[in-house]
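Some notes on the structure that comes next.
Going in written order, the chains are labelled A, B, C and D, and every chain counts its residues from 1.
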Amino acid sequence: MKVHEYQAKELFARYGIPVPPGTVVTSASDAEAAAATVGKPVVVKAQVLVGGRGKAGGVKIAKTPAEAREKASQILGMDIKGETVKKVLITEAVDIAHEIYVAVIMDRRAQKPLVMGSADGGVEIEVTAKENPSAIQRVWVDPLYGVHPFAARRLAMALARDAELAKPMADIIQKLYTLYDEVDASLAEINPLVVTTDRRVLALDAKLNFDDNALERHPDLEAMRDLDAEDEGEVRARNEGLSFVRLSGNVGCVVNGAGLAMATMDLVKHYGGQPANFLDIGGSSRPEKVVAALSIILQDTSVKSILFNIFGGITRCDDVARGLVTAFAQMNLKLPVVVRLTGTNEKEAREILRQVPAIHPAETMDEAVKKAIALAA
Amino acid sequence: MKVHEYQAKELFARYGIPVPPGTVVTSASDAEAAAATVGKPVVVKAQVLVGGRGKAGGVKIAKTPAEAREKASQILGMDIKGETVKKVLITEAVDIAHEIYVAVIMDRRAQKPLVMGSADGGVEIEVTAKENPSAIQRVWVDPLYGVHPFAARRLAMALARDAELAKPMADIIQKLYTLYDEVDASLAEINPLVVTTDRRVLALDAKLNFDDNALERHPDLEAMRDLDAEDEGEVRARNEGLSFVRLSGNVGCVVNGAGLAMATMDLVKHYGGQPANFLDIGGSSRPEKVVAALSIILQDTSVKSILFNIFGGITRCDDVARGLVTAFAQMNLKLPVVVRLTGTNEKEAREILRQVPAIHPAETMDEAVKKAIALAA
Amino acid sequence: MLADSRSKKGNRNVSMPIDRNTRLVVQGITGRDGSFHAAQMAAYGTNLVAGVTPGKGGSKFDNTVPIFDSVHEAVDATGANTSVIYVRAPFAADAICEAADAGVRLVVCITEGVPVRDMLRVVPFLKERGARLLGPNCPGLIAPNARVKVGILPASIVQPGSVGVVSRSGTLTYEVVYQLTRAGMGQSTCIGIGGDPVIGTNFIDCLRLFQADEETEAIVLIGEIGGSDEEEAAAFIKEKVSKPVVSFIAGQTAPPGKRMGHAGAIVTGGSGTAADKIAAFAAVGVPVAKIPSEITSLVASAAPALKRAS
Amino acid sequence: MLADSRSKKGNRNVSMPIDRNTRLVVQGITGRDGSFHAAQMAAYGTNLVAGVTPGKGGSKFDNTVPIFDSVHEAVDATGANTSVIYVRAPFAADAICEAADAGVRLVVCITEGVPVRDMLRVVPFLKERGARLLGPNCPGLIAPNARVKVGILPASIVQPGSVGVVSRSGTLTYEVVYQLTRAGMGQSTCIGIGGDPVIGTNFIDCLRLFQADEETEAIVLIGEIGGSDEEEAAAFIKEKVSKPVVSFIAGQTAPPGKRMGHAGAIVTGGSGTAADKIAAFAAVGVPVAKIPSEITSLVASAAPALKRAS
């Protein structure tokens, strides 16, 4: 799960990481009022979950409240990579002496959290990684100990190159890791962490992603979720316990298991078709899940055929079959459906599916994919 | 540092460990009012830092508010092992089905915290350890992981012998360890942890000792310290950074280092004298510390001679000597003082001490001790 | 007195993790999935010696298998050396630690949705005890020659033989194994390592096992997008694996920046893409199948003696 | 790029922890105690190669010894292998970890007042890195034959020789060493292990070192009330120590239930008393001195060849 910058900054503040004060508004007039309260030049920042808002024109400086109103009205309603801007953050414009990058991420390779820092803040870390890899400092963290003060101090010294500034910076690094750990984050990023001309150290931006598997124990974070900013189908899928990603093709896919779902998409493309989605119905699928999966897929009118590729494991094929029967009974389905069921209880499943004459059976994955593509054409 | 039962219970409640509601009062009339609010039979419990208040008559049941007033007036002002009772806790009397003992302590031998439990609660653990050692369950804790839920569950099952009661009990065990760890306790004890006849699990008593070295980071705990209940000299010594324990002899001892201080006391006894105190002036002693040490010792009128046994290390003998000179100048000292200074900067120290003719010098520990005993006689 | 934690350090040897000596305890045996798969494992021939569900100690599973309140009791009473976990995600990390603490040598965690933070603490705990973890969020493993399975891989799709299969996916593994079986290429052991960011046993661990395993003559490795496990596996194959290896990578058409399901497969700019992984394998001479059904023919040409042998 | 933590596991050998190969870095070298004792150690002959005080990197101690911002830099620049810590108690645990992480093999922590909770996390961290910790709240150690000292033991009281001294106390150690010297019994190495509840090196570790040390012919062990280290040492002596051992226990007259100073010496009903400890030594044939001045004569009778040797 991702949250907006202003929400991440609320969490930063709770952990004692200094952020410039800011106000979130949803209208240009409120933006003007907020800027008037600041009483200094402000930055108007689009609050979107996608990246790249700066390049898209979603961040603008305003010298006066009137200008803030103008910029906010330009930004609000803007489309950034498919996401409509509904909120802007009005925050004091500070005089920057030095921009730094700091982040905590999960390093799969090391199987440990990694604190990364670069003295070249403001730039995307991927760009720094390519153009100036030696500028990236890395400190791996043993989660049993957290970030040792000495490690934070060494990293801060390498980034700040100034013993006096290194102190507050080391403190921020430790707090950022503590936050990352305690809230089950998968990414906690400050870019830029700035040194102001009056030598304050401030998190000018804030990015937090969370481990979806851990949200159950953080109801306060779950409440931060911005359903407006997410794809409706994806939100609904999540509520039903499904993994769903909308794509642009015409073959709707219902698969159990992420790997098999990806391989199925790959195979659709391989045989010249276009998958309409990634959809993993997961393990132990209840019949209602299948109903939900179908209705999410059918919201997309470009879908012309539906492909079920189910290989039993924890998932029992008879459950899936019952789900299909129930779904077809409920939904007055008009599209052709290709079903391939293999594995645990597959015989029982075929018995059940015989009740529904509209189903195109297939024995292998290749056969099923080819049939679904043909039926979508 | 020790805190009272009612203070420990406040911390228990903060960590979600269930305790019966209670009120602390300092007068018999307030005890009556508190009992009236409870509206049921209550227990009136002396709040003292020393152990053994039960045997001393410091805990009484009262069926009515009037009876609570009567019992409170008996207990308030009572002397328990030298400590005067100034507060009583009025708490609901619960119907007990089963008493259990649970504690977290630091096990020096294993160099790990140890969770101990016994199904025989209400009894002192030392008694159980002697009479029925197999009744004591022990779970050592790796502080990097804390108490694993499975370990708490196993211990709770062994104590509760009832799967349904084991659940809340395991929860209490985990919370007690978390409390112990987070507040830098050296002991966290519930004796008894009771199962009531209506199958609630409650901490009926609560005992917490803290690591004095960690109090600096817990100002809220330091504020719980009851200076009234402690020996005035010991309080003053602590404020001056000294370790002091009052004993009943007549030879006042000022020594640097706990081991040498104990060996000095042992030697006083060995040669037929009685040490008046244990006093460790610690490392890096400032002259003011010596002044403070002397004035603490001199409050005890039974002290007849003072023995300085200082062996330099971090402690520089010239500092100590300057302290003595300052002290003698300030305090118009009438008692004989035997001084033995050896080690770092001992020559400089002797130069300085030559300024004070009243000092009886000694070259060895044995000689110093014998002289001090003779001068006290 | 409760026993202290049973530390048995070191000796992570390279013998296959399951065989005829496997004595299995099922954690969460009274749950829907646990009871279903416990029966399946026993029916296949696995030596199922115990079940664990706290609070249900003293009862029996299927009228024969004793159920205990804790893994420690199960191990003490039955000598269980392997555990498989079907408990709910919030309790899975503790169940893994419990098994390792009780002296179990191989812990297989089927449960999906275990928070990464929990796993970061589980992995060193098991390492200290010298226990091997497989998973979480994995289908487990099956050894058709010994007729032992631990997990949820369907027994109906496997066949005794000499192909070792290792995969980050669940059902995609079944698909590949099923195709191997239909092509007459039986399997020595099939291992699903799981696709979560933090797992107990990785590709390299399994490649080392297969390389040392006398029953294994060829290896199929099924990867997916995200992370760098496949790239590391390719480097390891170059150095240490002399047996033929064939691979397949899922997620060739996945759009960048989107997380594809629970598996944690995510493509982020420039690294962890299917193209990178395919290139890494190609560079060390490992044939990569374009589609799953191509795997069998690649295995047949990489290990021509194989089909005759099985 | 910052180096990853320098894990160097294992090889905790039994050679004496300080000798002519000791290359010392002083953590907290610009403080009052740090600078005083740095000068003392250097004056005695210790190879003082570096100092550390964060923020003071680039300056010099005593115009000769380079000061660094971190132990890592100090080790990289000077090859320091031993560290001694004089920083304030709230920062001591981190200083210990820093030294071990930087690759230092022996960390001596003089600082007193380190919270037990901190030490509980320091000890496994050092163990993982195979570094030895002495202390905290200890006087350090001194090797008169090699003229190396690390810590605060006064050089003026020692003398080259062959008695190994190990003690939980600070100044009581000086007292005993001083008496040995005055009696003409020089020392091989004197080690103060500290009296805190959690320490890095205990009596048994030191007994093992002295038993293996060719320079040591007799051992003096100075214990105190509280804990059970002395009882365990007695059991170890019976099993593994063939050299003569003489002991002394402080706190014979301490009243039960009272904490005697920072040393953490506390007597609680029935265990950890001086009487228990004295009995434990007596039971394994280790003579126990009644008073400190008796130690020298006990050593002389236990190791009659000693005085002639030194």
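Throughout what follows, a contact is a pair of C-beta atoms (placed from the backbone, for glycine too) under 8 Å apart; a residue touches a chain by one contact, two chains touch by 3 or more.
No experiment lies behind these values; they were computed from the predicted model shown.
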Chain connectivity with chain A absent, coordinates unchanged: one piece
Chain B to chain C, fewest steps along touching chains: 1
Result of counting contacting C-beta pairs for B-D and A-D, higher pair: B-D
Whole-Å gap separating chain A and chain D, where each centre is the average of the chain's CA atoms: 54
Length of the line joining the C-alpha centres of chain B and chain D, rounded to whole Å: 28
Whole-Å gap between the CA centroids of chain C and chain D: 49
Set of chain C residues in contact with two or more other chains: 121
Touching two or more other chains - residues of chain B: 142, 144-145
Of all residues in chain B, those that touch chain C in their complex: 134, 136-140, 142, 145, 148-151, 153-155, 157-158, 163-164, 166
Chain A residues within the chain C interface of the complex: 106, 108-109, 111-113, 126, 130, 142-144, 181, 184, 186, 211, 213-214, 216-217, 243, 245, 247, 255-263, 265-267, 269-270, 275, 278, 280, 282-284, 310-316, 342-344, 364-366
Touch list for chain D against partner chain B, complex: 32-33, 36-37, 40, 89-90, 110, 112-117, 120-121, 123-124, 139, 152-154, 156-157, 167-175, 178, 195, 197-198, 222, 224-229, 232, 248, 250-255, 258-263, 265, 269-270, 290-293
Sites on chain C touched by chain B in the complex: 1-2, 4-5, 54-55, 57, 69-72, 91, 94-95, 97-98, 101, 121, 125
